[in-house]
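Following are the structures in question.
Here chain A shows up in two complexes: once beside chain B, once beside chain C.
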Partner chain A sequence: MSTTQRSAPPPSNVAHRAGVLLRRREARIAYAFILPYVSLFLLFRIVPAAGSIALSFADYSLAGRFSWVGLDHYERLGSDPLVGEALVVTAVYTVIAVPLIVVSSLGMALLIRRPTRGVKFFRSVFFLPVMTSLVFAGVIWRWIYADNGAINSLLDGIGLSSVSWLSSGTLVLPVLASVATWARFGFDMLIFLAALLSVPAELEEAARVDGARWWQVFRYVVLPHLRPALFFVLVIETVHSFQVFDVIYVMTAGGPVRSSTTLVFLLYQRGFEFFEFGYAAAIGVVLFVITIAVAIVQGRFFGRSRT
Partner chain B sequence: MTTVTATARTTQTRPTAARLPRYARYTALTVAALATGFPFYAMLVIALKPPTAVIELPGSLWPWPLTTETIRTALAGGEIARWTLNSVIYSAGSTVVIVALASLAGYAFAKKRFAGRDTIFWSIVSMMMIPYHLTLVPLFILVAQAGGINTYWGLIVPTLANVHALFLMRQFIMGIPDEIIDAARVDGAGELRIYWSLVLPLVRPIVATVGLFMFLWHWNDFLWPLVVGQSEDMRTLTVGVAGLRQQETLLPMEMAGVALAFLPIMAVYVVAQRHFLQAAMMSGMKG
Partner chain C sequence: MRRTTTAVVGALAVMMVAACGSDSGSGSGGGGEITGTVTMWTNPIYDENAMREHYEQQAAEFMEEHPGVDVDITVNPWQGAQEQLTAALAAGEGPDVAYLIPDRIPTLASQDLLTPLGAALGEDREDFHDNALEAVTYDGEIYAVPVLQSVIPQVYDKRVLDAAGVGEPPTTWDAFLEAAEKVQAAGYYMTEYPGHLEMTLNISFYPWLHQAGGSVFADDGESVAFNSPEGVEALEYLTSLVENGYTPSGAISEPSNIEQSEVSRGNVAQVSAEPQRLIELWGAENVLVAPPLENREQVAYGTVGAYGVLSTTDNTDAAQAWVNWISRPEALREFDVESGYFAPRRSLDDLYADDPVLGDVEKLIPMTSTFGPHPAKSVEVMTTLRVEVQAALLGRKSPAEALADAEAEANRILAAG
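Here is the complex of A and B:
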């Protein structure tokens, strides 16, 4: 039947109506196919996202009591020293962690990009931490940095005095950043490796033949091709750093005192230890706004200049 | 003449100025590999010490003598076995449904014509920008009100509409030629039949990759299971292992817990490394 319809010359009235019916049937089927996904998506992504904004203007208790409080939570945010501290901690952590991750992943990508023996092995080893839960990693690293842990016993062994890595307010963020670097660089390295494929070998060779030093080749030939990858890595690592949680929960629980209480950790504490749902939602909104703002600034900065 | 001088110059400058010498590259790579691998090595060796062993460096890192006593003790406690079961249910259950829903919807978005198709699809994809933490508190309230705290469905259901999975499925299914699907329809295959026995088999590689990635993500997930699975026997491995600290656990026991939690992933990685790299790359590129 359908074959004859297809080969029949077009707009006879009957064929046209059949086409409309077929298309309606197709649409109905399509809606049925997307319905389960879309309804779950609405219920568990869109409703909570909108709910978060509504909740930030309200008080809510697990018993079900709900009341609007207007801007109260935002006023409290403005004057809460905990929020100020958390913002500083988050910013400092990001400023330490992101460059560390970008430099080490780019460096490793440059080192293993040439096809030499053992490349596969190195790549697998570097990728291993990427798949490891930061909870499991955190437990191991907590021991490595512990007062009587791996690093300190090595320091002892060579006659140096030990360092209290995790109980020092100044060292705790660099220590956490080092763990994040360990966990993330293998992933970013793969992105850089993919981007490095786009660098024309002849161009690099030509630069070398003309006597360019390695850093000149890197700066003027390789780097311009890495721009999109660099931008991508910078943005995702910044977002990641804003949202670091697992490793802090396991290694420091936000301490010592509040030296590693980031905004997300504060959100967790307010929401799920003190059950101040409305206030936690307001912190979430602030986090969202900051994340978007930073992404836009990075986009401007990297999107425009040069190339 | 010119060529001769050019090659002469290259051979002269390349090893010293233009490239890092081979031994320096290998040294740097080896140091980095040792630093990256050390935590895994230390975890395994310590997990294979007796439960009450005192760990001293560097002596304790000597992989001799080893015993599975600690690991057996950890397993016999029952807790870890229970957490592993919870992790398996959370990861496998979510993965199967995510792949099913995303491939079904992805097929419709890729191959069907209907009003608002592209608007709906791209709106969903753009919602990836919403950070997880923004939705955390209302999501918790929603699930709590529905009685989902400390239940498997409370853990699983909110994670089922996965944007990454949908995006990858749709992109892949778009690559299937329309003619094949039309031909099946002409032959009288029903719509579900086309989806199940034509589309799904054709995109099997992406189903494997997406499935692996989803499994890994759920296995490693922490924050959601932490707030939803509060009771002792509803903890997943990540939540359980993170909580070991509070009980002043001995180090070998702690590492045994980590080892047991990590080894399944490690085993799959060894077998399906290609898929892992691919999954991570695609998820990251799209996220």
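Here is the complex of A and C:
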């Protein structure tokens, strides 16, 4: 008779295996939770985006005729003066809109960060434009900026001459940027507000005790803590500005002349007015590449570190 | 960017895998009897409920006549209607019958998306106005059956003319300028020229171009013809209206509807618009309808509304029969009076004989045009020309420069096919 005595595994190995099993189980649960989102994301974002890229190398007619054209659309893009013009308009709009939105939203967040009386009311009111349809708001803003609109009536009332806000090639982009600022600052303000509330009060207090002025406290204490939020807002608003369409569609239809014809507006015209789907897709791909490139550059400047 | 990719280009991607053609049923049954479901997309040409009621009544009578056919009517809002039809066709989900305007017919027909209807009209075509059929003809073939015509005459606000001491509405370009001086002296605008980029040139620039003796396209539709001495004359004339302050400057670049314009405020003497709208705004007693202005030609724009059969249908016979049904004289008599438009049929030329305003307008139908020919790229050409005309009106280019630039771009578009 013999007996075999198995040696028990070392306790550390058991714990390790149990940990691995637990992590695998947790991972499976986690995957199960994200599966619906990932599926929908693939179906409605990645697949159409890939289809769009493929379409940019093809011609497709409404009647269903499809043919590969290689790089034809991209060659045409390179020589199409309207694309160059739209690219400049988009860039100028972005350069005006993004700082305007960031400064406004940060300024508002600084104003309402302290829990003073009525601050919740203002936080809600400032967020209201975010929930308003920009198409609807654009109609109202068009009336406000019209030659015979509210702003010019106000200017007339105080003895100043009227301004052709929407007829001026110089003013139209700042006007559109102001409307975008109105529509967007509430969302960004909340992001900045959350970041501001995480700034340790004692740091600001210590700086003030050391004699720092308001600007110095902001510059050397608050702003470094805002860097991640600032990066996020900059990227989001840059992307949003490159995408601007609805407010232009409603307020200016790309005019006067082509002063507000952005790349996305041009894409819309080519795709949905002239049915040049392949060319429109090529414009979309170029816009995508440009936006990614700008976001990477922004990341280099603002996203490197927290301090 | 991702949102753009999804929202705009996503639709494009769907097109790549979409099959074309409606799957709503068969085509014609045995023994020549038509069968199947006919889906019709239209737009609220007048009060939506009243219009729906009209078509449901027509459908009930039609289905009684053709028991094998089922008619399904959808009234889509005007806003985004074009994009909706485009997306549906691209996804192979388009209707069998759709409401069309002349500008869209060449675009669709050139892509083989419309069924020729000339043969189905048969001898009945003789009853339609020539200019109505011209508007729905592309490359020598009729692609839609007209159901209405409009007239955009000169409409004057009698109160403004009285205040300015202008006895009769002017009928020539020279008389128009003379009247404009008086109207301006009285503190009003002579007209409100809609130069903004949402406005179709059919209503803004093309009437002036044609009155000057010019045309948009060469007769063969292969090139543009607007950069001519007549075209320059028309644009110089319009530029002079702006420079002299005879038209509000805001209207040149600000999209707006008539209710928010100087017209609705009673500050404008003349407007080119359907008089029905102005009767509502000014009151019938203040509306004076005048024939189109005359320079070398006397012509006004008048659109045509028509129904076309999409070539993606599986029920061509039933769809053609339905279109013929709703364009019968007895159907149009009710439809056109209810909608306030005019009938495209000679047999219905007296629809408004008893109406003092619309009766006068009805008589102008022979003077109207849709300014054809309409090549497949006419919408693109209009978009290009519209921008350049606006540039001239805003003083950024001379009229000659603007038309030359537009000509170069438009001919490039036409050559590219």
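Everything below uses one rule, namely that the second predicted complex is superposed on the first by the 260 of 307 C-alpha atoms of A that agree within 3 Å, B and C clash if a C-alpha of one lies under 4 Å from a C-alpha of the other, contacts with A are read in each partner's own complex, and residues count from 1 in each chain.
Criterion: a contact is a pair of C-beta atoms (placed from the backbone, for glycine too) under 8 Å apart; a residue touches a chain by one contact, two chains touch by 3 or more.
Please read these numbers as outputs of a predicted model, since none were measured by experiment.
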Practice task
Check chain A with both chain B and chain C modelled on it and let me know: fit or clash.
Solution key: clash
Exercise for the section: Classify the contacts of A:34 with the two partner chains as first (chain B alone), second (chain C alone), both, or neither. Expected result: first
Practice task
Could you tell me if A:274 is touching chain B, chain C, both of them or neither one (first, second, both, neither)?
Solution key: second
Exercise for the section: Quick one: classify A:136 as touching chain B (first), chain C (second), both or neither. Expected result: first
Exercise for the section: Pick one for A:246: touches chain B only (first), chain C only (second), both, or neither. Expected result: first
Practice task
Would you check which partner chain A:255 touches, where first means chain B only, second means chain C only, and both and neither mean what they say?
Solution key: second
Handout entry: Contacts of A:160 with chain B and chain C, given as first, second, both or neither
Key = neither
Practice task
Look at A:14 in the shared chain and tell me whether it touches chain B only, chain C only, both, or neither; answer first, second, both or neither.
Solution key: neither
Completion exercise
Of the two partners chain B and chain C, more of chain A gets touched by chain B
Exercise for the section: Tell me which partner A:48 touches in the superposition: chain B (first), chain C (second), both or neither. Expected result: both
Exercise for the section: Considering only the touch criterion stated at the top, classify A:293 as touching first (chain B), second (chain C), both, or neither. Expected result: neither
Exercise for the section: Just name the clashing stretch of chain B against chain C, choosing from 25-33, 43-51, 133-141 or 187-195. Expected result: 133-141
Completion exercise
In chain A, both chain B and chain C touch residues 44-45, 47-49, 51-52, 55, 60, 62, 64, 142-143, 239, 243, 245, 264, 267-268, 271-272, 277, 280-281, 284, 287-288, 291-292
Completion exercise
The residues of chain B that touch chain A in their complex are 6, 9-10, 13-14, 17-20, 22, 25-26, 28-29, 32-33, 35-40, 42-43, 46, 56-58, 101-102, 104-105, 107-109, 112-115, 117, 120, 124, 127, 129-142, 144-145, 157-161, 163, 166, 185-186, 191, 195, 216, 219-220, 222-223, 226-227, 238-239, 241-242, 244-245, 251, 254-255, 257-258, 261-262, 265, 269, 273, 276-277, 280-281, 284-285, 287
Fill in the blank from the handout: chain A contacts chain C in the complex at 44-45, 47-52, 54-55, 58, 60-66, 142-143, 146-148, 164, 166-167, 169, 239, 242-243, 245, 251-258, 264, 267-269, 271-275, 277, 280-281, 284, 287-288, 291-292
Completion exercise
Note: in the complex, chain C contacts chain A through residues 1-6, 8-20, 82-83, 86, 89-90, 92, 107-108, 111-113, 196-198, 248-250, 252-256, 260, 262, 311-312, 377, 379-380, 383, 387, 390-391, 394, 396
Practice task
Can you check the complex and tell me which residues of chain A touch chain B?
Solution key: 2-3, 23, 26-27, 29-31, 33-34, 36-38, 40-41, 43-49, 51-52, 55, 60, 62, 64, 108, 111-112, 116, 118, 121-122, 124-144, 150, 153-154, 157, 182, 186-187, 190-191, 194, 205, 208-209, 211-214, 217, 232, 236, 239, 243, 245-246, 249-250, 264, 267-268, 271-272, 277, 280-281, 284-285, 287-288, 291-292
